[in-house]
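As written, the chain order gives the labels A, B and C, with residue 1 at the start of each chain.
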């Protein structure tokens, strides 16, 4: 066993009563010292994975390993894992210092050591001098930091963060993204971060797990996931995309919108039905003559950095285009794109 | 606006009229509650000279303090039991809990009387104490339970996550959090115990008496201004209790930082 | 496990003081005064004497509840509009801390032949009236005793009401009365229910008031239970009446269907 692996899920299923499984036969490994993100829509089972790792719940089937040891029945208070909760879960009857000291006091650590470690942890999250404050006197961002300090002061091997930024406003949120990433580098421990925000996931992670309905759809680096989504769900979730169905005529040749295009994908059966993804920023506005596709502009939105054009081709496919150039509503335009911009994916069943 | 002020004034007038009426005539040397002759403290002297009455007051206090303390302890754990109960059980437990609250006092009194008779418990101090504990427990539960439910469940997860075992969770998280509710429950139980007449009347037997029962038997014999004097003293005592309670809860909420 | 150990006293309490008493009452209702098993108590209950008593009890309880509600709702409503409402509320609660019997006793003086009320009647020319030992005095004193328990839950319900709902109703063109009827009252119904329960149920067991104030003129089921248990020693009959009271209670609880019990603060 690779000793960099810190957490391993082996065919883990979690089911409540007789409902559909919340997690369905999930297996994965996580390595020491990396920043992982669990990404997926609300209700897909992200929190469930965290709670399984933290030990608040036990798997219905399958095994969970820490450092190669099976941990299924080890209670939460005996695991080298700490959690930053979505609602922070700070103890309202304790002040900042006592909140951070909570875990150390349980471990019956000496008074001076507690003092020193709490101070250090608070310095880590830039909250020096706030020791005696009551929790309700702290702002949202500060509470967040207290929650982080309370977790890291215990020197866990793994820090679990359940949508820790979702309660913050946009500006604070971006700031905290940088800080969390920086914190993880300095501490060198494994972070498992949960979010339903794909931009957040792409910005922060070493590796992303995209989840849907209790299954892992894809895992990979942010770039892999963005550039090579394995199916329609991932492509759709990870960013705005144009997803249409097409046919793989042959290796390197795909047909959609009643035309054949060169592409860089191969290995599909001849005439296999596939999903095609083209990112809006990979589509380029040109004249009708020079474009590979001919579309009519339906609406135009100014998005700050670029315009967002919504266009339709003659077959009724919708094409979203991000462009610095503007076009008029109702105008006929051409769209140009490179063969590399076409991502061909196996069709996900059922749809 | 004028009407509403008039209405409220009238309500408060009616509400306090009988109480002040009692207090006023407790200083009447005339011995009746309708013709004020002259000021006297004789009735108060009579109260303080009445050792039987003083012993009854003492008994009432002991019963109230003991029963509300014990009921608070049992009730707090009862509330925690309900809080942790699985969904189906929760409703059943709550219903059972509330039976004594929604039962008329005479039924509680009568059924406890049967219970003590069958169990061979002599009517007197023990039976009264047990009854008071019994009818105070659900009150404590109802005061504590909302506090528990208001507590975010992730708080317990957080404590466990930080290494706390069940005992730590109870003593370091749950109990401190629900302290205001515990105080409220204790004081509620105290007042119910001090106030109770009907249940006590059933289970008190011959040798033992509480203030309510004593006042009842005196009032049945007609008006005696020593009862007025006694009620004045009790009213003052109640005021002190209210102020103490108020100060304690204010301080608790100021410290806990919760509303 | 330790978690279950601390619950043992509570479970004992449920067993001994909640479940056992109910069973005992039902059990005793099947024994006549000599201690023989029989249904005679149930037969007795369905005689006109007891049926009339039942109707009477519920009529009085209803009257007391209705009067309390009629007086308490406006009071609670106006209280929410006052400046120091928490203080005023405390002043409403304070009299409940005075022993019920002392309050009843006060009315012995107030309503007496030469009492303050008759003195007032005399002064305004109505003349002295027999007030004590009448139905009126019974209902009045009962309402007096219970009214804080009606005001409190209604006050809390009104306080919880989101004020912008009232603004919204007014904004949509509702008159003050319509706003009250269509928005405020329905939204405070839970408080009203809680208050009605808090008044109706204890008003069935006011045997001390019937003895002190109503001079045994008003005989309710509560009085009868006390009579049978403590005076005539016919526990079987007392238990039978108690059984019917319990059935009535249970149906009232089911009818008002209030899951959130009116917790007094």
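Note that in this section contacts are C-beta pairs under 8 Å (C-beta built on N, C-alpha and C of every residue); 3 or more make two chains touch, one makes a residue touch a chain.
Chains and their UniProt names: A = Spermidine/putrescine import ATP-binding protein PotA; B, C = Spermidine/putrescine transport system permease protein.
Note that this is a predicted model, so its numbers are computed, not measured.
Contacts between chains trace an open chain of neighbours here, each touching only the next in line.
Here A-B and B-C are compared, and the pair linked by more C-beta contacts is B-C. One simple way to say how far apart two chains are is to compare their mean CA positions; for chain A and chain C this gives 59 Å. The distance from the centre of chain A to the centre of chain B, with each centre set as the mean of the Cα atoms, comes to 56 Å. The mean-CA centres of chain B and chain C are about 17 angstrom from one another, to the nearest whole unit. Note for the complex: chain B touches chain A at residues 152, 154-155, 157-165, 168, 172-173, 176-177, 179, 255-258. Only residues 51, 54-56, 75-78, 81-83, 85-87, 89-94, 102-103, 106-107, 134-137, 150-151, 154 of chain A touch chain B when the two sit together in their complex. Every residue of chain B that touches chain C in the complex is listed here, in rising order: 4, 7-8, 11-12, 14-19, 21-22, 25, 32-35, 73-75, 77-78, 80-81, 84, 93, 96-115, 118, 130, 133-134, 137, 142-143, 146, 166-167, 184, 188, 191, 194-195, 197-198, 201-202, 211-212, 215-216, 219-220, 222-223, 227, 231, 234-235, 238-239, 241-242, 246. Of all residues in chain C, those touching chain B in their complex are 2-3, 6-7, 9-11, 13-14, 16-22, 24-25, 28, 71, 74-75, 78-79, 81-82, 88, 90-92, 94-110, 112, 114-116, 119, 144, 147-148, 197, 201-202, 204-205, 207-208, 211-212, 222, 225-226, 229-230, 235, 238-239, 242, 245-246, 249, 253, 261, 263-265.
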